[in-house]
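Heads up, the next two complexes both have chain A, just with different partners, chain B and then chain C.
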Partner chain A sequence: MTAFLDYFQFVLAPQMITGLSLGVAVVLVALGLTIIFGLLDVINMAHGEFYAVGAYLALSLGFAGVSFWLLLIIVPAVMLPLGYIVERGLIQRVFNKPDRHVTTLLLTFGLGLVVEDVLKVIFGGNTQRPPTPISGAIDIMGVLLPNYRLFLILFGLAVIAAVALVVNRTRLGAVVRAAAFDRNMAASLGVPVSQVYAGTFAFGVALAGLAGVLLAPVFSVFPTMGRDFIFLAFTVVIVGGMGSIMGTVVAGLLLTQVQALSSLIVSPVWSDPILFSIMVLMLVVRPQGLFGRLGHA
Partner chain B sequence: MTKIVLAGLLATTVFTAPALAADPIKIGVVTPLSGTYAPIGQQVRWGLELATKEVNAAGGIMGRQVQLLFEDEEANPAVAVQKADKLFEVQKVDFLTGTVNSGSTLAVGQTAERAGKLIATTVSFADSITTDKCSPNVFRVNARAGQQSAALAAWVVKQKPKAKVFLLGPDYEMGRSTVATFKKRVEGLGATPVGEVFAPLDSKDYTQYFGQLRQARPEVLYTSTAGNDTVRLLTQMQDFGLLSNLLVVGASGTVTSQNISAIGAAAEGFGTGVGYSTQIDNPANKKFVADFKAANKIDPDLYGADSYGLIYFYKAAVEKAQSTDTDKVRAAMRDLSWDTPQGKKTMRAGDHQAIQPMYVVQVSGGAFKVVDQVAGEDAIGPDECARF
Partner chain C sequence: MRNITASPASSAPAAAPAAIPVRDQLGLQMRASHVLMAVFVVAAVAFAAIGAAIGDTFFLRLATEALIFAGFALSVDILLGFTGLLSLGHALYFGFGAYVSALVLKETPSFWLAIGAVLASSLVAGFITGLVANRVRGVYFALVTFGLAQVVAKAVYNTRELGASDGLIGVPIVPINLGVGTLMSNAPAAFFLFTLGFVVVLYLIAAYLLETPFGRILVALRANESRVPFLGYSTRSARLAAYVLASVIAALSGALYPMLRGFVSPELLFFSTSGNAVITVVVGGVGTLAGAFYGSIILTVLKSVIGTMTEHHLIVIGLLFIGTVIFLPKGLMGVVRPWVMRLLGRRAS
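Entry: the complex of A and B
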């Protein structure tokens, strides 16, 4: 019995709780991705790099003396116009081509490579890290959890809830969903569709930037950090249903638990193959994902 | 017999002396001057150039000037072999050095055997170069991986006798072999391994191993992660309050100038075994560091120091042999002792591995400080070369 309690306290429970904090982190990154895909039908390959830009902005502003709490507002506010410009300046130009999926995918992929190299030129290749904003740790029934991770879980869940509320419960959200469902009908009813598109893309980019601010103290900052979460985030989006916020949350938390618990049984090297197999299986059995698409029945 | 040798020597002197004085001794340097390993190749080059300048200014080797011929091997064994062939066959170099990654050293060693020439590496760590894959034509003047962990293990048990040790390595060849070597060493000195974990390379989150780590209640953690992985491991351990009352030690590439600032306070107290540090307190090293810095505007590192020492090794061997002939120089190199910034090194005849004093360095105030020295004989380990 004590052996099991020891196992529970030191291995199982911490594993699930740290899995939860990683899950929230992944959902934060995947959220912008799924919204952009659900609405614009654009697979944003540069999403990871926007996450990196957010982290670097937080890092340099932090070193310049801006407090972490202000960064949570400033960085998304800076990313918003950046995302808007990218959508109007680049994506809009190829958006109406017949092979939209291919062209936007290649465009954003190329953009991601450029951004990554620009970060390398400006900040150098070495890893950097902002200080952890909240230090210390608390003891929850014998399980030790750093305060910042607890904050990350709670704040992340609040952000996710707020985004879900805006998309599903507000008039703005209704406009966005209408434009996603049938752009021509929405346009004829007076919805400025192209503005809605650009605004939504910018919103998704701002979410990536926010994720960068939140995760930089935990996972450190370096030019190729964008690739870190992007595969996991794509897997989450595909399993959850492309464009579904609910699906992203459920799939994100589920998959990270699978990862956390499976690494207790098999070597952690297998956790990526296991996740990607789940994704492949999902694409074969239920291509629309756990939940349907945003704005679709 | 003596008469014949004497006559031979005399003849050599008489007939070739003018040519010897005019012809420089050529040393080929096949080293990465571009790509990922270029910073290492740069240190190799600076170290060799500084020593060559000093030797030439003091009259050269047996009155002959030393000339270095550089070739870029791009850290690619295939390219290294091609460039080494060119240096041996076309440029007729007397000796060759510079290879950085162990694959290049092993490949160029075979080229040297075919060409009937000698080479030395000043950088490659892999134990195999002077153990199961040893070659009569290959010498190593730098410390191999086993020497570093031997020095570290000796220091760890001195700090914490009968320590409980937890081991964490990246899940690939280097990670597994470093962990296995350190485990064997430290176990032999009375410590108890209480757990080991191999995490995938580029792991995001090390927290998933912290449960096992806490459950094992270790006093010492050994890790051989590198780069970003170390940043995440140590800072996440700090967040989880796991660094208190724990001595963290690791491989020489675990905490470096590239990642130490990102790790910050979490690197404090980290210890590792090294063959060189600019902090080594002896007159030869102080002069070396000052001259190196004056010439290159940068501190020497391990690679610069070992490459610098190599020129003096070759000089001592040629002067002892009174020739640049392969067999004579090989015989002279065996059991040769010579002075370097790291102290006296001795080339072991049985496996062509240099024996040298090893140092333990520990992070204090964001920089490495030398905290202990381990005698060369205690760190060298058995001769495992069976080929010669």
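Entry: the complex of A and C
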């Protein structure tokens, strides 16, 4: 019994907490992805690169002396117009073509390649790590929990709750959901659909940027960080149901626990194949995911 | 496709549209692709002759690799251009072919044995994974193929028997017995010409199959999937057949890779390889088959030219790709082919 308690205290619980903080982070990235898909029907392949841009912004502004707490506001505020420009300047150009799924996917894929390489040109290929904004750790019932991870989990959950609240409980959210459900009907009722599209895309991009700020001190910053992370986010979005906020949260927290525990039980190198197998299985058995999609109750 | 249908009528204003005999537009498109392929082959043979004359090795081998990746891109075009399905994990079959070929060659350096093994195993693998992937459509298809490839790539990456992250090295030089004579896989010009012949045969097989009623069902599927079953055709089997065809062609192209480079690595299975093939097809021209070949040459030239100046060639390729998607959605061949079609159409009438 004591052996199990020791195992729990020193191995299992820290692993699950690490998994939880990763889970909250993934959900933040995946939320933007899923909202963009739910509303615009666009698979944003460049989403991981927006996450990386957020992290690099945080890194360079942090070195310039801007405090971490300000970054939590500044970076999303910078990412918003960036996302808006990308939607208006690139995605809208091909949005009304017959095979929108494929074309927008290709477009954002190309954009991701360019952004990743631009980051390499500006910042070099090396891994950098900003200082942890909150040091120290607290002891919760014998389990040591770094303060920053605790902050990450709580702050992330608050952001997720706020997003869910805005989408499901406000007038703005109702407009977005109406546009996702039937864009023509929404347009004829006076909803400025194209503005809603651009705004939502920008919002998703800003969320990815915010995730970049939050995760930079934990996972370090490197040019391909987006690509590595986005595969996990995609898995979460698919398992949860493309376009579903609830599904993303549930799947994000579940899958990161699967990842954390499978790397204990099997081996860390096999956790990726396990996650992707779950994704393929989900797509085959229930392509709509655990929950439905945005605007489609 | 719609505006292409209208173009011969406008190019022959002398005759009233109704008087023009009903011509098979899809057949005309394919003949135009054949012309473009013939131009490609002539240029490639000339390139090989010059290369052999000046005793070059580097560029011939680079061009051989471009041809191998062109064969791979061809398979992606069968899916994307003819069934409208975007595969984000087609490197699965390319890498599969390369690994099977390398494994066989390391045991017995026999070309035809390796090709036979790749053909048989990729038929089975394509069929099984095709059953899985074809359960879904649209974006879900892209994601399922992506997921499948990721699972296999990571599994290979972790398997020590398959060389793990190092891949399989030490694939021997292979003698290729063609009946009339034998060439070695390390002879730059000879192996280039052989690879050219090999991928052209793959092209001809694909072009032939796509010209049969089976190919027309695929085109119909792309136009309106729910209507095809009412005409009495099975959408499932046509789609699956296209998927298996694409898998086999990708695997056969991959089979040549270890003969050229002497090794295979897990990168061949990665998303970047799949993505490259998609870029190749889109830049070259979706649905033209010949576009895969021109696209592969364009990308290889770009990579090696820009590569000599800077290591950041992805910016240029990415921008070229974005530009193509927005401004030239039919790619390079989408511009050139209607032109060839007009020439062909004029001669026929």
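Assume the second predicted complex is superposed on the first by the 297 of 297 C-alpha atoms of A that agree within 3 Å, B and C clash if a C-alpha of one lies under 4 Å from a C-alpha of the other, contacts with A are read in each partner's own complex, and residues count from 1 in each chain.
Assume a residue touches a chain if its C-beta (ideal position, glycine included) is under 8 Å from a C-beta of that chain, and two chains touch if they have at least 3 such contacts.
Source: prediction; values computed, not measured.
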When chain B and chain C are modelled together on chain A, clash or fit: fit
Which superposed partner A:Ser194 touches (first chain B, second chain C, both, neither): neither
Which of chain B and chain C A:Thr18 touches, first, second, both or neither: first
Contacts of A:Val269 with chain B and chain C, given as first, second, both or neither: both
Chain B versus chain C as contact partner of A:Gln92, first or second or both or neither: neither
Partner chain(s) touched by A:Phe109 [first = chain B, second = chain C, both, neither]: second
Chain C, chain A and chain B - angle at the middle CA centre, rounded to the nearest 10 degrees: 70
Closest Cα approach, chain C to chain B, once both complexes are overlaid on chain A (Å): 6
Set of chain A residues, in rising order, touched by both chain B and chain C: 267, 269, 272
Touch list for chain A against partner chain B, complex: 6-7, 10-12, 14-15, 18-19, 21-22, 126-129, 131-132, 137, 144, 146, 148-149, 218-220, 222, 228-229, 260, 263, 267-269, 271-272
List of chain A residues in touch with chain C within their complex: 43, 90, 93-94, 97, 99, 101-103, 105-107, 109-114, 116-118, 120-121, 231, 234-235, 238, 242, 267, 269-270, 272-273, 276-277, 279-280, 283-284, 287
Parts of chain C lying in touch with chain A, wherever the complex brings them together: 80, 84, 86, 132, 135-136, 138-140, 142-144, 146-148, 150-151, 154-155, 157-158, 271, 275, 278-279, 282, 312, 314-315, 317-319, 321-322, 325-326, 329
Residue numbers on chain B that touch chain A, as the complex places them: 171, 198-200, 202-205, 207-208, 210-212, 214-215, 227-228, 231-232, 235-236, 239-241, 258-259, 261-264
